[in-house]
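There are structures below to look over.
Two complexes come next, and they have one chain in common, chain A, joined by chain B in the first and chain C in the second.
Take a look at the complex of A and B:
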């Protein structure tokens, strides 16, 4: 296999795997042999822990206004200082992890489910069904994803639910196209012909044969998609159509902090670092999963 | 080939029609009445219900949805993009003043991304496993994770507010003062191209490594070709197909990014026009602006598909 060469893993990692070893254990082994993928995994685990245990980790409640102590410089009491309303920046970043994670998971779940269904139906039935669905997907793709999400979010109004909806629609085309390509290639296999000759129905064929075989690609694209959603959400919040105040969101914190950049630069800088770490985590995890699950996706994903 | 291009152009027209339909439906079916926003702007005047009805008729908002769509589409085909409800100006005129600004920054960013991305990727592939490769690969992995608008704020803080080397904001027409215009463009272009440079570096590196292991490269070495010829003529050319695909995607991404970057650097381009129009529900501008961007994206996709044949003559267009 040529892919060895592009792999930064030692070639032994997957050319000399004992044939008896289960697929699952092989995937785990390849994934964990890539240090950078493990770093990604650790970052994401930290994100999840931060989001779940935010009330215990944050030194202050995220929305506690302290007008006597606004725009404080970083100090022992407030490690990253306070914002223009005297709210503790570190606490807001910690709570912001919740917002980011909820939106990332929500929007990705929505776009994956809808996108995969559309892509699957298009590829499976082909012909006019394929043409109609994929031309609409092409149309969605002709408009930049951030603009699609921005149009949706500004019309629906902000708030977590609407942002999820907006970003879900924005990411839809990526997943539909991916699934369509995967399903078209899986359809070529002999086992599909075999299943059909045994009289398997359309529904069962799609769910039992095509989806499992396209699954590795979906996992990889969805993982990288989580990072993309977080970046886009930050952009929406920055423009002011994201999550509604006082709910803490990293993008909004950057745009608020931007106004006070001369009095406390940490206000605008620190949420950006949080975004970077999380997106880096998802991307590296995605790369690791891709190398472990299906290295042929390199270049596609 | 000509037949292929004609077929692709037709397909492009269909896609653009669907874009108009989707944007139109989104603007009309989702909540928010542009007329009410228009009316509420004038706090000193109050409108009688009759006057509101009058305005509604004037902007054609009293007709049925399909009729509104058909009218709008017909106007667009005649080159009339309508009149902005909120700004009261001709949408075609507004776009024609804003689009060149975005294109100015966009083209610079695109060229910078293509140039640097490919160079970095090739260098990484040729020095695989060396420290230079590791450093650039790590930077590229970071480059695809940073929010561009945040980098913009960071750069502005550092180079404008602290060091006073560059102007804080944005746009000087290149016809007015080219040197100043380029100076002001440095930071916006860095922000707009950062993601693209990083993504292209990653893609070029992995495509190059894929090609380097092919039999024909070994053959080239075996017959004693010089390294320069092997790299330039055989490796890079064959590695370009996936790179071109990613490069084509950058057009849309740069347009999307311009919404944020033009806000940060206070640049009067399409991105900011669209963002502002969205907030004021100025649907005529949003519809026309989105369509213009979609035209650019569809055309660039077509160019990408045609260029595949140049890089790999085995690709036939049937």
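Take a look at the complex of A and C:
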């Protein structure tokens, strides 16, 4: 009888091991528990798919001029109508996704890589190095990004490459300052001193100790930055210093279409809505990532 | 018994906007081979700064090592550039450190394996496979169960005591000559404290390492240390073998410290604890005379008129810096 009792209440082996769960799976789980983040992700996935498969998805080539059928209202043949040169608006929006994505990824990659290196070096070495780099970044920041891009675009001319360059420089300060702030705060941690006390060199300290700990913030800012670049690119194209015609770009389509906003609103509104959805998507995804990557939640949620 | 590390007249000052802080002001100490040394003093007396100065881990600015030498292996460590290759070859390989907060001393985004193998690859030039094998051995040695599988865990999956064990494993991984433990047990509970100290003692015996325990806890050093340095306001006020310090304390500050700690086997009338009155001095703009003077119950006219006394020998290895012979007064 007594034996029975002991058997039934036998304690499970106590262990210090926290439930095994990989960090990656936790991030995924938290991210997908946020509905709005998933909406953002879906929008971005749609954008990427559209950009990659544009030739198959678009009903017409984007630059096919049909002078007999200009400014057509939306119909079965042309779902979003045609523009003043008779080009299919839907096809141009689909190809425009390509332009937006290439520029967004290119400019963000450039500004993230350069900005983060500058910010990291400034924060890590401090002193005079910090002053030189960060004052330069401050000067860059004092000029609005669109103005920097405008100056660069008017100096170099339009075209995808130059727009990437212009927006990359424009976004530089955002990423440099973010990384600098992150690195300065990470640098204060005990494990940095501990790593130094074990004889680690500057390079390893920066790449292995500081960058991974700043990474969550880096990802979030880069994601939101993608949206900002798309918006800025649309602005540049709208002003006529962005992507050169006949290359399809959403900003240019709005500036071409707004003249007909009363007679054929689809011309200006459809690229506008495309921009809005994509920027919204990037922002929501960034929000979701911020929640999922928050280091304070590590090991908790 | 040969001297491993000989620090002479170390001065580390910090420039703050409120004035010059002489955190370490003329400290000399040495560490012998295979010896456990205790460095005792209250918060802010310069214990940690002395140790960080020897390792050249002080942030410059605001800190500055003003003078002094630290002879180790025939070289003066303080002559090396703080970020130079020579200094880095010492850190971790010859002199290793353990810090106070086990919860924050490990990088949260790297696995334990990465952090243990790191130093092995860096100093001993081991390849990944060998380093990993060695890491498992080290973790077993410091008493981590299922070391093999725990290796791929992240720090947050370990308890505080376990993390400190990992820190000990990392610190000893390259078989250093000296292990500096900066308040190694302050942040863990009492039972874990005892386990960790036992472990450290066992480890330094096994690795033939000298251990420096920096602490404010006299109980910690009483049991383990061979020799003790007592620091106050950036200076060493008394040093000696553990028996000297605990059985024949001479400096009023050491006497005060011992009176403020409960001891077993005291009679009822002795049991009352006597705290040291007053507060530790502000290290900015210190007076020339003894910094302990305002709190000292033994002080004489001479203490007020003359500068802080130098350490003088009162026994074979027993030194004290006080004008008053406290044995007469009591």
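In the analysis below, the second predicted complex is superposed on the first by the 273 of 301 C-alpha atoms of A that agree within 3 Å, B and C clash if a C-alpha of one lies under 4 Å from a C-alpha of the other, contacts with A are read in each partner's own complex, and residues count from 1 in each chain.
Simple rule for what comes next: a residue touches a chain if its C-beta (ideal position, glycine included) is under 8 Å from a C-beta of that chain, and two chains touch if they have at least 3 such contacts.
All figures in this text were calculated on a predicted structure; none of them were measured in a lab.
Touched residues of chain A, counted separately for chain B and chain C, are more numerous for B. Contacts of A:144 after superposition: chain B is touched, whereas chain C is not reached. Contact with chain B, but none with chain C, is seen for A:258 once the two complexes are overlaid on the shared chain. When both complexes are overlaid on chain A, the residue A:155 reaches chain B alone and has no touch with chain C. In the superposition on chain A, contact is made by A:212 with chain C only, not with chain B.
Once the two complexes are overlaid on the shared chain, A:199 sits against chain C while remaining clear of chain B.
Once the two complexes are overlaid on the shared chain, A:121 sits clear of chain B and of chain C alike.
In the superposed model, A:269 lies in contact with chain B only, and not with chain C. Shared interface residues of chain A, touching chain B in one complex and chain C in the other, are 298-299. Chain B makes touch with chain A in their complex at residues 11, 14-16, 18-19, 21-23, 26-27, 30-32, 141-142, 144-147, 149-150, 153-154, 157, 161, 203, 206-207, 209-210, 212-214, 242, 252-253, 255-257, 259-260, 263-264, 274-275, 278-279, 281, 286, 290, 293-294, 297-298, 301. Chain A makes touch with chain B in their complex at residues 2-3, 5-6, 36, 135-136, 138-147, 150-152, 154-157, 227, 231, 234-235, 238-241, 251, 254, 258, 261-262, 265, 268-269, 272, 275-276, 279-280, 283-284, 298-299.
Those residues of chain A lying in contact with chain C across their complex are 16-18, 20, 23, 127, 189-191, 193-202, 204, 208-209, 212-213, 215, 295, 298-299.
Remark: chain C residues 55, 57, 61, 83, 88-93, 96-97, 99-101, 104-110, 118-119, 122-123, 146, 150, 153-154, 156-159, 162, 167, 170-171 touch chain A in the complex.
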